[in-house]
């Protein structure tokens, strides 16, 4: 909290100095804390912000869940076979580098305009990141754990569920955080594609209207959602996972 | 189960020399075999190969006529380095193997309690692995492997981190369990006394390359007492055999040093 | 911003889109016309943008001095900067058509009720035109309680969507009208002069940063002369100008247009420097009513006196 | 190689079936291997592709290197203090979720139109990902290593250089792969901002012109670069790092 | 360096009982102290606290009058679990500490070679940690800690994974080094025999809570022989003291079991 306050103060000071005394920037080119608050207030007042956030969250959560499932399976596939590991993994890394926006034509072609399209963009934007995270975490599981479980008669499925999964968990969590960010970014591209409600759409219309305060307001909302998700999901999970292991 | 080790050799990639060379050994059903030898001679490697976790570069191993190619719950292993799962607590670690083998929940609890009490860790059952001492970890691993109740038990220096008194107790417990269940046990130790106390036969491995130097039949009646004259005599025989082995090894190193 | 550097070489930083509605810019850039007109002590740089928003941001940041831009971003820029951006000339008029899927039963604008109509971007020129068309025909978009579903779709994706039947009609700028109507699945519904004000409305204008205008009126004047001359050139020698545009577009995008497409597009676009100010103000009003902008443009938003003067001097 | 061939074949078959016999798609809506090759050939022929790739690679490498430095320092900062960890880390996660495009106005405002601006977008798009990767890898370093080094008199700096860094390396590498993808994606947004040469720019102009073959061609180039970078840098580094540790 | 342990207690969070309770001990410069006690009684914890890696919840420790608050190279630690760095090979691991302390390169090589030969691992100097056996890891860790040549040496069961013969050799080496350098050594072991062989004084820890049960002064002249009558006598005394301790512990557990 204190930290956020300090940031805010610094921002106001830079704004005041930069647009006023020093004349570095035009006041309309740089967001001001007050302007952003006003813009947020307006969007909250007429309900757009709630709606946009709710829509975006639903999309990103749904998309991320699909990515988790698909990405995990793919990750397991690559880590289970040396052949796939050598051939498929670098490819995934390449595909992951593609900007989400270049999937848009394909999304429209295959899924038309609408939620399915947006979901596709999210899924394709984060799945491979999930796979890479899973694959890497699996590969760094100390072999002694796997050996131990094997000698206790663990089958392939049990090995994954009871040993590899928990052993890889800390690494997986770290990777999933990044995948979550990828999902958000893909969401933005997806929402711009077919204009409906959504934070990405609000952001882009802010840009189209040259309203830097609205852009910044939406950015803050995205950051806030990110912070909350991190605190509620990732950080708390991580803390629990690491504490148990004495890390 | 009977175990047939046939001309097993093992050379690691990148290593200049053979770690195991031409090891052959027939172990009968219910036999208690101890393996002794200098540090680094290949005891753990041999155990790993029997467990199916490592493979021989030459030779084969048969378990009741079936060739060993993969690890399995018929050969329970207690590793030299405890190999407990850090994300489970003591009790969960002990129950892990039973879960894998589909032992019913109640039976799991019963056995876990029994063996945790035997290794004197019942009180600590809810501790995390990082919260218990080295010796306690070893005892947890022991409880875990005994719980599994497999027909073959492969143990790699299971008492190395324990004080004498605890060791004595657990050694006796192990002997009792073995007598009651008729398991086949391969037991690696660096204590000749321990070997004489427990083994039907003692395999002395030599180093460089690791091959069987001698196999001693310990004919002493059980329960054995380590202050009995016969005991001391057998111990002495084996010790001197092992000692020569170690000395040879030490001398080699020494020669190296002189040459360097 | 960094201001416009004075000193040994005065800078002129131009902006345009790789887009045929910015025809004059393409021809100018292709022939280095500004450079030769201004001479060595002036340093001309061209920045190309693919979105009006980026160009406005660059103008706000003081990184662009004169820009070809759509009327709506021009209005936004003026409103948001409280008057720091001025429209100084027109560039092109009309240049948009309403098309429909061949299979659809749409015969007139009033048939759009209950249909899905695509526009390139929320709040842009075509969107405003469509809203006007709808209200003239007693229709309204779903978002305003009406029956017409208006969706923003990038032009490049329209062909797909017509094929799939996900959109029924679209109000598209050139050259997309030409490209789409050339395919089997899309037909013309309203031609360019029937979209709005008989086609007498801007689709691209020229804006200047006021600071720059104050510091370098001479450069702005030279530019406007070039702008007028190039406009005349395009109108007089469309064929050769089209070649220049095509080669410049290819240099900028790596994609070569068919000459037919370009000529087709210009048959629906009126390249002119004279601005129908009323149309621009009407855009602003509609934007304001629709809530796309928060205020109306400042006085002095349009200052075409110089441009008109030059047009009179050089002749149109 | 074989793998790539098979993919190509599958693609051609799907294309032929989908656009021809089954009539799912129009031939211009779906990229065809032949069309893509043609488009690539054209771009190679007139030199645009080489130039674009060279420019993009230079930008992304430079940006990524800056991100590495800044991100590492930030990562060490967060992992060294509990205060920053609690306050700054979730914030970074939020910022990382922002689409690169929303930094564009700020890039223009602060850095003008040009290389610096593009670099800024790349750096801000990947730095926090680097930090999160570093922070996480550091936090999962087994404490016994740190303890051991401390009792041997390792100072703070030595601890980081000789223990924490090598111990965290496998995790860091996994994270950096994702950061590299972030950098690429940010590059695309940066290049679109002010059109110069570059793969992102070529991609976007292909999109604007509905030239699906050009879009796909550029996508393939991006994937190829990703594959090569993965093979040459990440995979080989990883293999070396993991092999030494017996993983 | 002299070490003054003053009323040290340690209770872990989440643990119901005190692990160490009111430990006080004065160690003179150059003294060789052995700590024995049942598994889990707090030996490693005490060593960690002296090393500055753990902190007492009560009490203080002084090293030459200076309070210990952090780890430092004046107290070299050899951990119970080898704590070798997996990204370095044997030689690099051994040289690591010297590097940290800024020992010149040549001197590093000289010492590393000397101690690696002493622990008979010179041949294996380029092996990775995962390529050597458990006992070899322990010996590497031993070489690493001896290389550092700190004034205080804290060793936690340094020979637990080694065979008797290797242990005997290294024990003698350690004794010689200690005599030559006058280091202060705190040596945790679970072998009373080892303690009697090495120690000036033997501290017997009791369990539950871990406190000092008795301190034995071993008055035997060096070099000691483990078959001398006096040796056996001292050993017997201590053993019976420790035994009572372990039995008490075992009985408690047993009572628990009966009650449960």
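Per-chain numbering from 1; labels A, B, C, D and E assigned in written order.
By definition in this document, a residue touches a chain if its C-beta (ideal position, glycine included) is under 8 Å from a C-beta of that chain, and two chains touch if they have at least 3 such contacts.
Computed from a prediction, not measured in an experiment: that's the story for all the values here.
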{"item": "Minimum number of chain-to-chain contact steps, subunit B to subunit C", "value": "2"}
{"item": "Centroid distance [mean C-alpha coordinates] between subunit E and subunit D, Å", "value": "49"}
{"item": "Centroid distance [mean C-alpha coordinates] between subunit E and subunit C, Å", "value": "82"}
{"item": "Residue numbers of subunit E (touch at least two other chains)", "value": "81, 131"}
{"item": "Multi-chain contact residues (two or more partners), subunit D", "value": "25, 29, 104-105, 109, 204, 207, 246"}
{"item": "Residue numbers of subunit C (touch at least two other chains)", "value": "1, 57, 60-61, 154, 156-157, 160"}
{"item": "Full enumeration of touching chain pairs", "value": "A-B, A-C, A-D, B-E, C-D, D-E"}
{"item": "Contact set on subunit E toward subunit B in their complex", "value": "12, 14-15, 36-40, 43-44, 80-81, 113, 117, 120, 122-124, 131-136, 139, 157, 160-166, 169, 190-192, 239, 242-243, 246-247, 249-250, 253, 256-257, 260"}
{"item": "Contacting residues of subunit D [partner subunit E, same complex]", "value": "144-145, 147-155, 158, 162-163, 166-167, 169, 241, 244-246"}
{"item": "Complex contacts: residues of subunit C adjacent to subunit D", "value": "1-2, 13, 18, 47-50, 54, 57-58, 60-61, 63-64, 154-157, 159-160, 163, 179, 252-255"}
{"item": "Residue ranges of subunit C in contact with subunit A within the complex", "value": "1, 51-53, 56-57, 60-62, 73, 76-77, 79-82, 84, 121-124, 151-154, 156-157, 160-161, 164, 166-167, 292-294"}
{"item": "Of subunit D, residues touching subunit C in the complex", "value": "25-26, 28-29, 43, 46, 48, 104-105, 108-109, 112-113, 192-195, 202, 204-211, 214"}
